[in-house]
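Chains: A, B, C, D and E, in written order; residue numbering restarts at 1 for each.
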Amino acid sequence: MTLTVPALRARRVRRNRRGPVAVVGAAVFLAVVVVAAVAAPLLAPYSPDATSLLDSLLPPGSPGHLLGTDSTGRDVLSRLLYGARLSLLAPLGVVLASTVLGVAVGLVAARGPRWADLLLSRTMDIAFAFPSLLLAMLAVAVFGAGLAAPMVALSIAYTPFVGRVVRSLAVQEGSRAYVESYAVMGFSTTWVTLRHLLPNLAPALAAQAALAFGYALIDLATLSFLGLGVRPPESDWGSMIAQAQPAILQGLPASAIVPGVTVLLTVIAVNLLGEHLGSSVGRTDRERA
Amino acid sequence: MTTTVDPRPVLEVEGLSLSVPGHDGPVPLLADVGLVVRPGETVGLVGESGSGKSLTIRTALGLTPRRARTAGRVTVDGLDVLSAGRGELRELRRHTAAMVFQDPRASVNGSRTIGAHLVEGLRAGGVDRRQARARAVELLERVGIREPARAMRRHPGEFSGGMLQRVVIAGALSTNPRLLLADEPTTALDVTTQAEVVSLLTSMQAEAGMGMVFVTHDLTLAAAVCDRVVVMYAGRVVEVAAGDELFRSPAHPYTAALLDAHPGLHGPRAALRAVPGRPLALAETPSGCSFRDRCTEADDACAEEVPALRRHGGSDAACLRPGREAWA
Amino acid sequence: MSGTETGPVLQVTGLRKTYGSAVAIDGVDFTLERGGSLGIVGESGSGKTTTARILVGLERATAGQVLLDGEDVTTPSRRDRRRRARSIQMIFQDPYLSFDPRLTVEESIAEPLRLHGHGDRARIRATVATLCDQVGLSTRNAAALPRDLSGGQRQRAAIARALGIEPRVLVLDEAVAALDVSIQAQVLTLLDRIRRDTGVSYVFVSHDLAVVRYATDTVLVMRHGAVVEEGGTEQVLSAPRHPYTQLLLASVPAPGWDPAAVAAANRALAPADRG
Amino acid sequence: MTVRAGTTRWVLGRLAGASGTVVVASVVVYAALQLVPGDPLATLTGGKRLTESQLDVLRQTYGLDKGFVAGYLDWAGHVARFDLGTSSVYQDSVNSLLASRLPVSLALIGYAAVVTVVLGLGVAVVSAVAGRRTATLATVLTSGAAATPPFVAVIVLLAVFSVGLGWFPVTGAGSGFLDRVWHLTLPAVAMAIAAFGVLARVGQAAFADQLRREHVEVARSRGVGRAAVLRRHVVRNSLGPVVTVVGLLLASLFVGTAVVETAFGINGIGAFLVSSVSRQDFPVVQAVSLLAVVVFVVISTAVDLLLPVLDPQLRPAVTR
Amino acid sequence: GGAGSAFDAKITTDVPAPTTDVAEVTWNLATGEPPTLDPAQSALENISTVVGNVCEGLFTYDADYGLQPALAESVDHPDDLTYVFTLRQGVTFWDGAPVTAEDVVYSIDRVLDPANASPWAAWAINLQSVAVTSPDTVTVTLNRPDPLVEGVFALPAFVVVEKAYAEQAGAAFGTAGGGLMCTGPYELDSWTQGQDIVLTRNPDWWNTDVTPRVDKATFTFVTDPSAQIASLRSGETDGQWIIPTSAYDQLSESGDLLFGESLQTSFISVTDLTGPLGDPEAREALREAVDYQGISQSVYRGTAQPLKALVPPSAYGYSTDTYEAAYDALPEPAQDLDRVAEITADDEAATQPVTLAYLAASDEDTRSATAIADAANQGGMDVQLKPLSPPEFGAFFTSPDSRQGVDALLSTGYLDTPEPLTYYQFFATGSFYNFGGWSNADYDALIAQAQTTTDDDERADLVTRAQAIILDAGVVMPVVQPDTSVYHGSDLTGLVPRQSYFYTPWLTQLGGV
């Protein structure tokens, strides 16, 4: 998906219609997911790799297997818990890398010399032409299936999104009188940019990062679904769905739907939080205007 | 007051109160506002920001904030606006009353042409397309736009603020309304342009015999332009007086304070007398007189109840201690 | 104040600024005496802000010279940034936007003090308190975030912050335009008092002639980027010589004001501006 | 006259920028081959033993025995003449491989685009004018849709409409117009769900933004009817963001075919890309990547050029 | 057992003959669009499935894998090293040109020509020359006696193509653009890349004993199981070979799902004897970790049988008694985790990390490998999985580098003919597929002798002795023999599922009920 820009645009003008209930719900859900990932060894009833071929594809609610088993008889709940680790860490890595890069690029473009702006903006325009999933697939074609290459590719693919948003926010923020007044008071551009401008962009960046996290989660899971992502012995929610796909046809879709719904809920929760952050940015904007 | 008094006012506001729902209960925005405008008359509405000027005149067109509660009576050319149905309101807006807003650039849809803006109002009023176009060109000519036919095809972005405000005025007057509501029509413009717009408005008004409400925060401008000036503070009317009268001898301490606080351009350079505190919204005001916190004359009596408008000299003032001799 | 030199504190000659083919200002000259107050008036787009921004180094002049205390500061350079800051400061039109929204007013005022080496933590705290007192901000106001203050209070805070650097010149670009009349008077009287107390000089940019009359000694009337008239404020306003100045004055509403006549005069002055 | 000249220059500048993007992107795509660990020639043969003359053709096409720059120029020359090389799996020209798969993908994208735009804007308009409750419902719906990964949509649609109800054929692309529409319905819906959500939300936000604008208020204060206000002032003025998003979504649909075509067994470009990636059929991967980039650039340039036509406020400064 | 367990499948050996003609069938190729139809490249199942219907060689197989003359009318075998093939008269290519001895020689040479890089070239290493000896005879001379040589000319690569046509098409021969020119019962009508391949009946086919009932066959390329099910159930496609296990339930309800004996074997081969699996105990531990029952019941849902030897009994094309006696004598395969634990407790080598590779594209191999690794690890071993993408899998066979770091490979292979020797000869010292470099002098001697032994019983004896050696060494570990399967709508009949569909004109068997 390459939709960060419109999503952000939408954020800027959107009223925060959903009540805090949804936001609190989202936060609680994410907290549960994170705790589950961290405490997987404590919570999981089985080893995620423990197979039992003769107990395969048990439906949810089967004795001893709350969420059933998959096609090699592994416990779906245990795999879901352990899978949360890579499913969350990998997009987190992508978001961190692209945010750090994007912030650097965006700030230099917005506040640095004109030539740097021209160069970086042009580079970002070009990078935009590669949809993130395409870049990730290209990386897989080059370096083979696995998580590392797509993660690097996605980090690069998301950088211009962050960069462009940071640039435009920084330009907007930079035209605020306070930034100019610091210049008049004798502060250096770098100081003002890092000490005042950047912290003021933080909520918007956090909102952007949350949205990007959702997209990265989807992109990485899509790759796993297509068999181009995570490879055994590692596993994430995407690869769980991929492995469970044939069973859908046996009329036993549970082991695919459980991780599928988990992905969906996680993305919705992350988006909700991101929008909430974004709408609070919008509020201060309105107060200022 | 030099114009003949028509027995039937085009706008009559009586005891208008307005509140909107807030986090904890309704938030009052206007309280007991009264206003009368007769045909051919210009009434000024003056006050600092947030005093409720815009809310008051927008009510006359039925443009109240979402989920607002109103009380009192607002009559435009015989129509009770607050209880009017959607169709009646539309008729009112199409034929009887028109409004000019502060920022012409925000008022005109920047994506469409000047012509489209003008024709739209006429078409809504039931004029057919060809006639509407002809009428629009004519109007542009009347408000002093050169090459009106060409201007019809141009976009707002190609006009200066002053020129655009002329277009807006042309649009407002296109349907020959009986009442014109001008909400700070010159605030966004240069001083020199302000004179042009004001003279355009007054001359057109005189020609058509409309009633006009002229909203401004500039007391001097109101005094110069209007037959009568209504001063608002914190959602209430505090004084009503003839323009020159108000200027010469303000009855309400707030009016006087405003005049004192404004540096003058003529006469000796007097020291400014600043008003302490800041203008309040109705919901923040203390009991009794809204202005008493900032008033030098106020005493305990002022806290007891909201003073009603009472005759004092040439004005009606809502004050227990009116009439301090003001700025000469 | 620390200025010991004699002669004008600010001297501007032949200032010119172009944006591409558009000329923002052309040939602006003036001098500002120590402790004096110079007004710049003119219609929108006449180049007032551009001039002010060049003075404080936010904009680079295309041509001309700015002498601050006899020192050429025309081209802003990274190195001189702090030195210039100590001599000249600016107050912006919108007091809300001129603060970092995350910092309390105190913190904002303290920051430049730290940069310019105004002593240790305790001394800076004391200085901030003095400054707040000077502009009439209570301790509670000082501990508040900008968004919790009224427009007038914010503008006071901005003034306090600028004064902390002890500049010799304060440039005010429409510093009272966004304020309500009652508040505007508060700020104008404050500015007046500060000038008397500290001997700082003002460059006071405004489109409001009455305000300029109150706040300045000398005035510059600008139109289309050029100075059309200058002189003592009282004199220029009571006996304007240039037709544009006359028009400006006539445009200000007053009892018995005739907008139609003003409009006619405006049309006569600039027939090309129409349509 | 100056307006004309400025506009022309701006348009030419945009076109030059677009071409530049394609050129740089092609360098990246070419460089990808060199990045593959091991000998590029071995990558291109896909482990097949080829004749010396076939190898020569490969070396020539990719300029393998020259430096990077000269090699790129060789390759770019071939690409510019629409010679995209030979598939290492199929040993057939990539051109004809793509040509046979393009029509069905285009049909799918077109279908998905129509579904996206019609539903997206429809819901946006409804929620802009409807009451609070409907608007909230629409927001919940569109938020959910926007967050739905295509593979989840695929799983659910397959489970419900194919395995469950058996309403739609779930494979192949069909032949003839109606048959094709019938075949592509579920895939198009799967592709359109997320796009629909995003478009509806952006549209909703844009409409809400315009509804708050003063010119809308002015129109209402003049007694202009609701429908006319909506059409002339709200929808019309929102075309900028809406068209921009539609453009981005359209471009993303191209790559979005990968998941859907694979799952629904449609022999289109997307499924071809996936299978070529997993088989390391480099010439195909390069060609599809380039195609995707070109599609993106063409769409975004078209949107850029279209925006000022739709909304004079978005005209570049030179035309004012 | 879980919900995903066994499916009630019966082996079909006999089906009713078709009684009606069918204008058109649509058949899906489960492994996708063939990269080419060039017979010389036909090492892939999806190529052979099509080519078997359009091209013919000198010989072909009947339903019981018996060698039958096709384009050769007869073969004369004057001495151990000479074979003289007499061509069938009156056979023409689709374009009407008669099949000449030159065409036959050209077709064989095409496979042998290193420039064409045919994976089948190795099959004919014993061929010294192929020559036209008269207008209707071709003489083949060998380097050394080879009992399998007649079978070579029934292989899908050695079919007869028209020389003039192939030469003109050049490199494009067999591609969508280049087309084919053969003699078979069906002609290649069209190939729309990415969409379908259409065959039409060849009205002039020489074999008048068989009457094809299908006029037109359209091959589609759906690889995704869900899509396959949907299209088969809806009747959009009429049939398909190799049905994914997940599709059994749904397809058995909507049409004829038939299972048959295959010549396939799923097995683990040790590819690195210098690593931990160089230790025989470690190999034994791995073998004991395999859950034969689980794999056949759950992974294959009962449509595979645990296997004792590399070559399944179904591939005993001759001297059945000898082979079966040897097979029966082998121990029954069963998982024994206690034994694994016992070995790992004593044997340091058995606890070293072992990497097991498999073809990730195969759902069955993936699940088998996953289960094997988990069981082994529970027993104290340290087995890591390495999924191979199709190109990696391909490279695994051609480049030693890509086998680096892999200790064992789980794969499913098949025998082309019911001749156990063809499989066992791969593991002789220096043989191409002997990746582990396993070397056993006795084994090599037995294989070498068998390769030149023309007497079936003698050869069977030699092969079974070699089989015992290699199984004992544990360098290949048979796992299961999966059944082969076919599905078609209940309006069709005529196909008995067997391995030979790969390379025989199976379409001629198909027809309406």
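Structural remarks
Simple rule for what comes next: a residue touches a chain if its C-beta (ideal position, glycine included) is under 8 Å from a C-beta of that chain, and two chains touch if they have at least 3 such contacts.
What you see is a predicted model; the values in this text were computed from it and never measured.
Graph distance from subunit D to subunit E, where chains that touch are one step apart, equals 1. Greatest centre-to-centre distance from subunit A is found for B, with centres as Cα means.
Distance from the centre of subunit C peaks at E, each centre being the average of the chain's Cα atoms. Work out the mean CA point of subunit A and of subunit D, and you get 21 Å between them. Averaging C-alpha coordinates per chain places the centre of subunit A 52 Å away from that of subunit B.
Centroids of subunit B and subunit E (each the mean of its C-alpha atoms) stand 92 Å apart. Residues of subunit B found to touch two or more other chains are absent. In subunit D, the positions touching at least two other chains are 158, 163, 262, 278, 280. Looking at subunit E, residues 226, 229, 250, 361, 389 sit in touch with two or more other chains.
A complete list of chain pairs in contact reads A-C, A-D, A-E, B-C, B-D, D-E.
Interface residues of subunit A facing subunit E in the complex, by the touch rule stated above, are 49-59, 69, 71-73, 144-145, 227, 231-233, 243, 245-252. Listed in rising order, the residues of subunit B touching subunit D in the complex are 61, 63, 89-95, 98-99, 101, 103, 106-112, 116, 120-121, 124-125, 155, 157-158, 168, 171-172, 175. Those residues of subunit C lying in contact with subunit A across their complex are 56-58, 78, 81-82, 84-86, 88-90, 92-94, 96-102, 111-112, 115-116, 147, 158, 161-162, 165.
Here subunit B touches subunit C in the complex through residues 48-49, 144-147, 151, 160, 163, 190-196, 198-200, 202-203, 217-221, 223-225, 244, 247, 257-258, 260-266, 269, 271-279, 294, going by the rule given at the top. Put simply, subunit E touches subunit A in their complex at residues 1-5, 225-226, 229, 244-250, 291, 293-295, 297-299, 360-361, 363, 366-367, 370-371, 373-375, 377-378, 384-385, 387, 389, 392.
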